[in-house]
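The data blocks that follow each hold one structure.
In the two assemblies presented below, chain A is common to both, partnered first by chain B and then by chain C.
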Partner chain A sequence: MSPADINAVVLTLQLALTTTFVLFVIGTPVAWWLATTHRVFKPAIEAITALPLVLPPTVLGFYLLILLSPQSSLGSFIVEITGVRLIFSFTGLVFASVIYSLPFMVQPLQVAFERVQPHSLEDAYMLGARKIRALLFVIFPQCKRGFVTAAVLTFAHTVGEFGVVLMIGGNIPGETRVISIAIYEHVETIAYADAHVLAAFLLVFSFLTLLGVFALNRHLPLRTH
Partner chain B sequence: MVYHAESDLATGQTSIDVAVATNFTPTLKAIANRFEAKTSSKVRVMSGSTGKLYAQVSNGLQVDVFLSADSVRVDRLIDADLAEEESRITYAIGRLVWWQPGGQSSFDQRGRLALESEIGAIALAQPKLAPYGLAAKETIETCTDLDHEHTQFVYSENIGQTFVHVATRNAVGGFVALANVLQQKRVVGNSFAIVPSRCHAPINQDAVVLSSTKQRKVAWEFLQFLQQPEIKLLITSAGYETP
Partner chain C sequence: MLVANLQTQGRFKVEVDFEIENAITAIFGPSGSGKSTLLRAIAGLEPAKGLLRFNDATWLDSEYKLRVDPTLRPIGYVRQNVQLWPHLSVRGNLEFPLKHAKRSGNDIEFDQVVQDFELAYLLERRPHEVSGGESQRIALARALLAQPQLLLLDEPLTGLDLVRKAEILPYLEALNSHYKLPTLYVSHAIDEVLALCSATIVLGNGRVRASGATAEIIERQDISRLLADEESISLVRATILEHQKDYDLTTMQVEDSVWSVPMHVALNPGEQTMLRIRARDVALAKRRPEEISVRNVLEGEIKNLLPAENGPSADCILQNGATRLRARITRASLDQLDLKVGDRVFALIKSVTLD
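Up next is the complex of A and B:
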């Protein structure tokens, strides 16, 4: 593997890890809310969080190009506040990946939370636990499987991202040139040997990741009582 | 999608499939209409980036004619015996344009583009993938003072995407195709300058008949049609030069 390609591998892992962490923080409360709420607009929120599953990445890429442009009010606002330009930057890729992989975090978590008996929480309250402690020490431990699945799916989906990055990345080495882009470039320039190395790496890596999850999940009970 | 161009038994009409580089697609569609009107043969247009089409054709995609955005891919197809060498023509020569909305848009008398060094993101097509990207890279090296230390270059897989990066102002300026600029005159206005031809090697766009064609006669006719004076005029007005 050439240094440039190793760079792409490292960058991809960084992107996937960062995205998974950010989505873990954002997705958990969203999933909890969806699992417990009975409000009328719940289906609307569910639909919105599932949108990235349905829409092609080109739609997201196109909207982000327009929304985050320095010419747009949102884009100029972000640059003014944070000094960070989102298009053509690593931060921008994280931003896009968080949106793009949102359902992969929220849906497994929501399912896991819904499986937890509502009375678990009530029991915990009765024992005098505060809500946050009840969540952390009573509910979440029962959802280990959901957390593992959500994290791995989010991670893997981000590793496999292509269309959005192609549109808003700008193919900058060390910043936005991720594995999928590097493979695409190799194929297009007829450097099939380089493409093979990266593609095989990605294939084996993805298989091992998924294998790890399924093996681990066998040992994690669906729900502990 | 693999489709064999064959005579339609019901109508006796022949049809050919033409794979064409994205930048030339709108122009080719106009040409195809004229060809259909004149010959009663049908033309199906498949558009994609030159690199992708090349990979597909060399892996068995059945098309009759290939209009590349460069000459290298055509060389390779001929070397691999996948295309008929005698059919080869240069159907258009691409022109590169510097486009900086609301900014510097002219080359000085010495043919140089003087830009401030901390200009911001400059968009160009990936030189390895796109002929226009290569020409842009050569132009940056020979006719500007921009360097990698002070300027951020952002790359896209094709010249159309480069246009989008500038049009949405995500890049301050960029090197785009004259053909795109003429198509989008309303968006670009007058804030562009044609890059002098001495700044880069000519962007020869070559076309060839593929060896696997089952419509050899019509395919050759089509390439000859591309060289008719009236069609050359159409190609020139779309933002290309012709040999």
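Up next is the complex of A and C:
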């Protein structure tokens, strides 16, 4: 593997880890809200969070490009207050990946929260635990498998993204040149041997990740009863 | 003392105004009468308006927009068919309130509760390794460890079979005598109410229909009509004497009489059990009957006579010691035997169900 490709691997892992962490923080409350609310607009929110599942990544990337470019009002506003440009930058890739991988975090968590033993929260209240403690010590521990599944799917899905990165990240080494972009570039320049190395790496890595999840899930039953 | 003047705000409206003293009070009524909703409102789990006071503390006062968070009300709450949390061991479930509740007061201690509820052998098990009756016992113990000053029990015995019920009843009674916590006990089973609760509030359609001493409430005709689907029964406490294997009978002491009851399980001598006796299985005689096949007789004093307003039957309530027995005879017999309150009669029990 050339230093440039190793760079791409490291960058990809950085992006996937950052995205997974950000989505863990954002996705948990969203999933909890979706699992517990009965409001009329819940289906609308569910549909919006699921959109990245069905939209071609290029569509998502296109809209993000329009929305975040420094020429747009939102993009220029962000540059003004944070000094960060969100297109053709690593930060922009994280932003896009968070949106792109949102359903992979939210949906497994929502399912896990919905499967929590009925009345768990009320029982915790009645034993004197306030909401944060009830969530941390009663609800979330019953959802271990959901958290593992959500994190791994989010991570793996982010590693595999291509269209969105291409649209808003471009191909800047060390900034936005992730594995999938590097492979594309190798194929464009007919450097098949280099493409093989990266492609095989991604294949083996993805397989091992999924193998790990399925093996782990055998020990974490759907409901820890 | 609990003072409640509540209107619940959910889809099902409950509107009540009552006070209870420091004892076990039954909230009794047919299903759909609002019993559980009322209990949830007292716990703070159900939106409600009005006034709710417990001893010196005000938990709800809509006028002053005051509402104490459910987690801060010193309540022990046990629901029907409790499921323990699957991610914790029995010990973990029991220790939860000790670790996470910011309540002080009663100093109810872990070891004491474990001993009282005989849970030591269950502590290291996972919740799926304990039976329904054991779960319910653990849930009661867990509620106590939350250091409550008021217990709310929402049909804690419903869903258990008769053997399991008989297993738990003594613990509930011990709960009352040992921990002396004022308790609201929701039930639609008249036998549980009779066995455990000294006072009763009858609920129908979300409103209080009657309240007072349990024995008097249960015998009121208008109340029995409210519970038309419930059969009139009496619950009688008996102490096992011995099991006669050759007759498949178990002899037991009921007040000053010895009864023999067909039983397939051999209970240990000295054990207490509850017998369920239907009013229509009890006949009355003015003199001690001799040479008859009925084996179980109890002498008692007539405390109340309840002839039906229409229909042929009349119910007689007689008492011997702590035991009250309801006999259903005809109005014609009532007149012919010339039975009056205060008469001593002999009740002949044709059939007994073990509870």
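Structure notes:
We take it that the second predicted complex is superposed on the first by the 223 of 225 C-alpha atoms of A that agree within 3 Å, B and C clash if a C-alpha of one lies under 4 Å from a C-alpha of the other, contacts with A are read in each partner's own complex, and residues count from 1 in each chain.
The criterion applied here is as follows: a contact is a pair of C-beta atoms (placed from the backbone, for glycine too) under 8 Å apart; a residue touches a chain by one contact, two chains touch by 3 or more.
Everything quoted here is computed from the prediction, not taken from an experiment.
Superposition model on chain A: chain B and chain C are shown accommodated side by side without a clash.
By the document's definition of touching, of the two partners only chain C reaches A:120; chain B does not.
When the two structures are aligned on the shared chain, A:196 is found in touch with neither chain B nor chain C.
In the superposition on chain A, A:88 contacts chain B only, with no contact to chain C. Contacts of A:141 after superposition: chain C is touched, whereas chain B is not reached.
Contacts of A:185 after superposition on the shared chain: chain B is touched, whereas chain C is not.
Residue contacts after overlaying the shared chain place A:133 against chain C, while chain B stays out of touching range. Here chain B and chain C sit at a least CA-CA distance of 51 Å once the structures share a frame through chain A. Touching of chain A by both chain B and chain C, each in its own complex, is seen for no residue at all.
Within the complex formed with chain A, the chain C residues making contact are 43, 45, 69-72, 75-77, 79, 82-83, 85-88, 96-97, 99-103, 126-128, 142-143, 146-147. By the touch criterion stated above, chain B contacts chain A in their complex at residues 49, 51-52, 54-55, 76, 121, 123, 126, 128-129, 152-157, 161, 164-165, 168-171.
By the touch criterion stated above, chain A contacts chain C in their complex at residues 117-120, 122-130, 133, 137-138, 141-142, 144, 223-225. By the touch criterion given at the top, residues 65-66, 68-71, 85, 87-88, 166-167, 170-172, 184-185, 187-190 of chain A touch chain B in their complex.
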